[in-house]
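In the part that follows, the structures are each spelled out as structure tokens.
The two complexes that follow have chain A in common; it is paired with chain B in the first and with chain C in the second.
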Partner chain A sequence: MDFDETVPLSQRSEWADVVPLTQDDGPNPVVPIAYKEEFRETMDYFRAIYFSDERSPRSLRLTEETLRLNSGNYTVWHFRRLVLEALNHDLFEELEFIERIAEDNSKNYQLWHHRRWVAEKLGPDVVGRELEFTRRVLSLDAKHYHAWSHRQWTLRALGGWEDELDYCHELLEADVFNNSAWNQRYYVITRSPLLGGLEAMRESEVSYTIKAILANPANESSWRYLKALYKDDKESWISDPSVSSVCLNVLSRTDCFHGFALSTLLDLLCDGLKPTNEHKDSVRALANEEPDTSLANLVCTILGRVDPIRANYWAWRKSKITVATM
Partner chain B sequence: MQKLDIAGLQNKDGSFSGDIWGEVDTRFSYIAICCLSILKCLDKINVKKAVDYIVSCKNLDGGFGCTPGAESHAGQIFCCVGALAITGNLHHVDKDLLGWWLCERQDYESGGLNGRPEKLPDVCYSWWVLSSLIMIDRVHWIEKGKLVKFILDCQDMDNGGISDNPKDVVDIFHTYFGVAGLSLLEYPGVKPIDPAYALPVHVINRILFTK
Partner chain C sequence: MEELPSFTVSQREQFLVENDVFGIYNYFDASDIFTQKYLCVVKEFRREMNLIDMDVVVPRIEIQRDKQLDYLMKGLRQLGPQFSSLDANRPWLCYWILHSIALLGESVDDELENNAIDFLGRCQGSDGGYGGGPGQLPHLATTYAAVNALVTLGGHKALSSINREKMSCFLRGMKDASGGFRMHDMGEMDVRACYTAISIASILNILDDELTQGLGDYILSCQTYEGGIGGEPGSEAHGGYTYCGLAAMILINEVNRLNLDSLMNWAVHRQGVEMGFQGRTNKLVDGCYTFWQAAPCVLLQRLYSTNDHEVHGSSHISQGTDEDHEEHHAHDEDDLEDNDDDDSDEGNDEDSANGDGIHHTSNYINRRVQPIFDSLGLQRYVLLCSKIPDGGFRDKPRKPRDFYHTCYCLSGLSVAQHAWLKDEDTPPLTRDILGSYSNLLEPVHLLHNIVMDQYNEAIEFFFRAA
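And now, the complex of A and B:
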């Protein structure tokens, strides 16, 4: 950091020719912000170069100072892009600049949009770098919404699909409850140009998901993922024996939450699954009350008890059970 | 002049950018549609394409993300459902499926709502989740009493204000969403707020029903 940067702008010889422009809050400002002196002065000088449209090296440095005071100012980011283009500035250096700003606060829409702009200009050459950058951010916060959004954009725009499914697995090994990683897995199997699409991947993904469910049956994400693998294909969903058997497996255990297994079984029944005696026995074993006439009905009753905060939802599900669903 | 600027930010695929330099996100679809509705010139944009884009961001869990394929997130869901509500296109939402996803946000222990599976409850989701549930007529699927208690537990009883959870420091953002959430929960003494516009009902009535 230059010694000069701790000196107020009005006292730096480099800026002597510039007349700072004060902010015009109008005649009757509502809730005017009590800016610190350093902030006010920096913004006054930024306004001057912005309105005079000075796209110079000192302008570039000033945008950096301004962004360090408020990295959310999208006008400053926008002007910085104009300056970068005018100076034909090294965009690889710009990637490093963004990473430095991200160290302080990476939950900033403007920063990620700027990153995308730079990466788009640099093209497929930086695919490795973008995947590496998002990986680093996700290593600190594995559900970072901006990082995932940028990573999805990178794959779409620049490529790099080869190792993405493995990366999802890596994250799920660290935390099988990471809903973002499950979502990314779905993104990859449905959109990767290197894989065969959802139906081609279904068998291996069902196997993968069932393993995850059995290890942690109280995981909303894995159960939802399992259902999503059968998108629009109700027939396969209700006829795949491994789907109903994972429900039975979980229901037979006494050491875990049964809610998702029960709701999945309920969905299967409502979609047309004909319950076997094994299904009926499994559910009845959990019922305190006398068995109802329909299995689906009984499942709803039990759900109202094991997931009481959503009692109204399960009561509604019960009311929707048709005569056809046994 | 402002009306034309917003409409000019619609892209060919129906999505909206936040400014002339192009970040695309369903947040901007909501903001554009909400603003133009209040200004009474929704006809300046291609509403059908705007709706098509929002629908393309719908996921298999019934929720919506910031772009197609992005993870369902309660904040993005509010934006998408709100935009669909304002333009009269709620029939594109699978209300039962989304309603269930939304009511799964409620935590049994604290009564609070989170924004995605396995994340911590946060007062601001009292707005994003709750307003979405109201727009799709499924708010009775959450336990209202427990949620009211969670919001009230997030108050700073000495200095005022509401924080994201009972342990943290208050801020304006969470105070607004906590109060807005209490309004949706019909807490006594709080004026009604419109779930799609996030403005008091009497303000929206004045805007929409006068020339």
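And now, the complex of A and C:
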């Protein structure tokens, strides 16, 4: 770290030729910020080089100083990109720079957009590095939205799909409630050029998901994922016995939440599933003295009781049950 | 010996939040003064013993308007050095604060108004659009915030300060070949950028085919297997992006291309046991999602209502009875200070709804629905868990207040209070508002999150300008 950085810019000989540009806030600005002196001065010098469009090495250093003070300043990031291009600067070093900034605050759109810009320029050579970087960020916060976006971008732009399904499994082993990991799983099975696509993966994924459901029937992530495996294929969805049976399995248990099993059953019925006696008995076992009605109707009634936060939603679903499902 | 099951990170975090939230609810519900005093003593004791615990201050159901305005006005006038991290977001600070003030039914004095218009004018780029501060690169989000702030201020000076022609150029410049929009020159592209661009264009009356070309396809590709919408194609369904995606699709008249059933299902499931909304499945409740998630619920419910009308000639939305309504929040009635006779209020509301003093009971009821989410529960979370007694709102207990959360908690609260109504012309009933009727906030335009009166004035201005 350069000793000079602790010296105010106005006292550094390197910057003697530059006239700092003050912010045009006007005489009575609203939401004025009481900037610290260092911040104000650094921004004044940044404004000077930005408006004179100076794309030099000292400009590059100044953008770094500025970003350390406010990593959310997208104008500075934008200008930094222009300077990097003009100087044909080492972009591998830039990856390191981004990692240093990320240490302080990784929840910043600009940083991630900059990372993507750099990685795109470097190309497939950095695929390992990008996967490693996002893995590190995710190890601290397994649901970090930007990190997941960047990871998905890396896979589709640079490749590296080989171990991704395993990675998802690793995260789900640690926390089966991690919805981001389930979302990534879906991303992989539908888009990986190394796998056969949704239909080809369906059987193994259904098996995987049902195991997860049975271990934690109150885990919304797994139920939504299960349904997604049959996207655009209603016939398979209502005819696959394992879907039906996981619902019945959960409904027969007395020690867990029945809401997702019931709503899944409701969706199946609305999509055309012809209920068996097993279905009917299973549901009726949960009914209080509800009147004799269609099974779908009865499921809605029970849901209103079992999932009272959504009582109005289940009532609305009931009103939408068409004659065909009666 | 059987091992106790170990909890995952998600479960642990959720448990801690539930502990805090239910602690507040139980404390608030404590029916006698002795229990309250006892709990107060216990909390004080625990605090002295450094057992990190909740605030000792008794939460109140009233909004406490004077404190809110105090906090907001102070922020508008001066911000401390810690706000340097928002130095590229000052139009947002303007919008968050001005909109919050407007929701409370207040406005700023002429001097502040002029200062705000002047300041935002300095954020406007010479080539159109607004940056995060004077001299900063124009950015779609800060442009959205600036436009919304100016519309909220209202009046000829504010509205005419927006350069519509240059704005058109700026928006066109942000348009991407894929159909989406970039946030700024060579900036990131996501559903937020799409929404902000379309919202701006829509209000300023500069929306055209060039801007909407391919946009529906892009947003559609962001709807996930869960039903919600993510920031980019493939990204996880998320409350903020869901609001943006849905609002944008409605504005460009392509909303029926989305899978509305699964969107509705996902959105209503984001309300958890705390009664607030979470942003994503299995994540934690956060006051700001009060707006981002409740608004889509109301929008979808109205959409279905309209679609039903067109198809069947009548609404399939369960009207419910006001009986159900009373039953539902009976447990809150002990806590409410409002002792108005509901029947007389209903009469008054009907009168004001019709303006001619004649009761049209059935007509009035036809303009009401049962909200698809638990609105009173949501209001409860906002008022007891998010509201800070000294002013401002926060994400959840233990988090500090900030202007962003203040804006979206209040906006969401307004949405919740008006959720029983099919349109903006009908006023809410006393029973729709948690706390006394004095808690009522101004209604917002759901697609832009601007107070209705201000929105109407702007539309009048910009559509006349055409």
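The rule is simple: the second predicted complex is superposed on the first by the 320 of 326 C-alpha atoms of A that agree within 3 Å, B and C clash if a C-alpha of one lies under 4 Å from a C-alpha of the other, contacts with A are read in each partner's own complex, and residues count from 1 in each chain.
Assume contacts are C-beta pairs under 8 Å (C-beta built on N, C-alpha and C of every residue); 3 or more make two chains touch, one makes a residue touch a chain.
Because the structure is a prediction, the values reported are computed rather than measured.
Superposition of the two structures on chain A shows chain C clashing with chain B. After overlaying the two complexes on the shared chain, residue contacts for A:Y74 are found with chain B and with chain C alike.
Of the two partner chains placed by the overlay, only chain C lies in contact with A:N28; chain B stays clear of it. Within the superposed three-chain model, A:W161 lies out of touch with both chain B and chain C [touch as defined at top].
When chain B and chain C are set side by side, the one touching more residues of chain A is C.
Of the two partner chains placed by the overlay, chain B and chain C both lie in contact with A:K231.
Of the two partner chains placed by the overlay, chain B and chain C both lie in contact with A:K143.
In the superposed model, A:F257 makes contact with neither chain B nor chain C.
In the overlay built on the shared chain, the residue A:W316 is in contact with chain B and with chain C.
Of the two partner chains placed around the shared chain by superposition, chain B and chain C are both touched by A:E220. Once both structures are placed on chain A, chain A residues 74, 78, 81, 109, 113, 116-117, 143, 145, 148-149, 152-153, 177-180, 183, 186-187, 191, 219-221, 224, 227-228, 231, 309-313, 316 are touched by chain B and, in the other complex, by chain C. Listed in rising order, the residues of chain A touching chain B in the complex are 74, 78, 81, 109, 113, 116-117, 143, 145, 148-149, 152-153, 177-180, 183-184, 186-187, 190-191, 219-221, 224, 227-228, 231, 307-313, 316. Of all residues in chain B, those touching chain A in their complex are 18-23, 25, 59-61, 66-67, 69-73, 99-100, 103-104, 106, 108, 111, 116-119, 140-143, 146.
Interface of chain A with chain C (complex): residues 21, 23-26, 28-36, 39, 43, 47, 50-51, 69-70, 72-75, 78, 81, 109, 112-113, 116-117, 142-143, 145, 148-149, 152-153, 156, 174-180, 183, 186-187, 191, 219-221, 224-225, 227-228, 231, 309-313, 315-316, 318-320. Chain C makes touch with chain A in their complex at residues 8-11, 75-81, 83-90, 93-94, 97, 111-112, 115-116, 118-119, 122, 131-137, 139, 183-188, 224-227, 230-232, 234-238, 264, 266, 268-269, 271-273, 275, 280-283, 301, 316-318, 320, 328, 370-374, 377.
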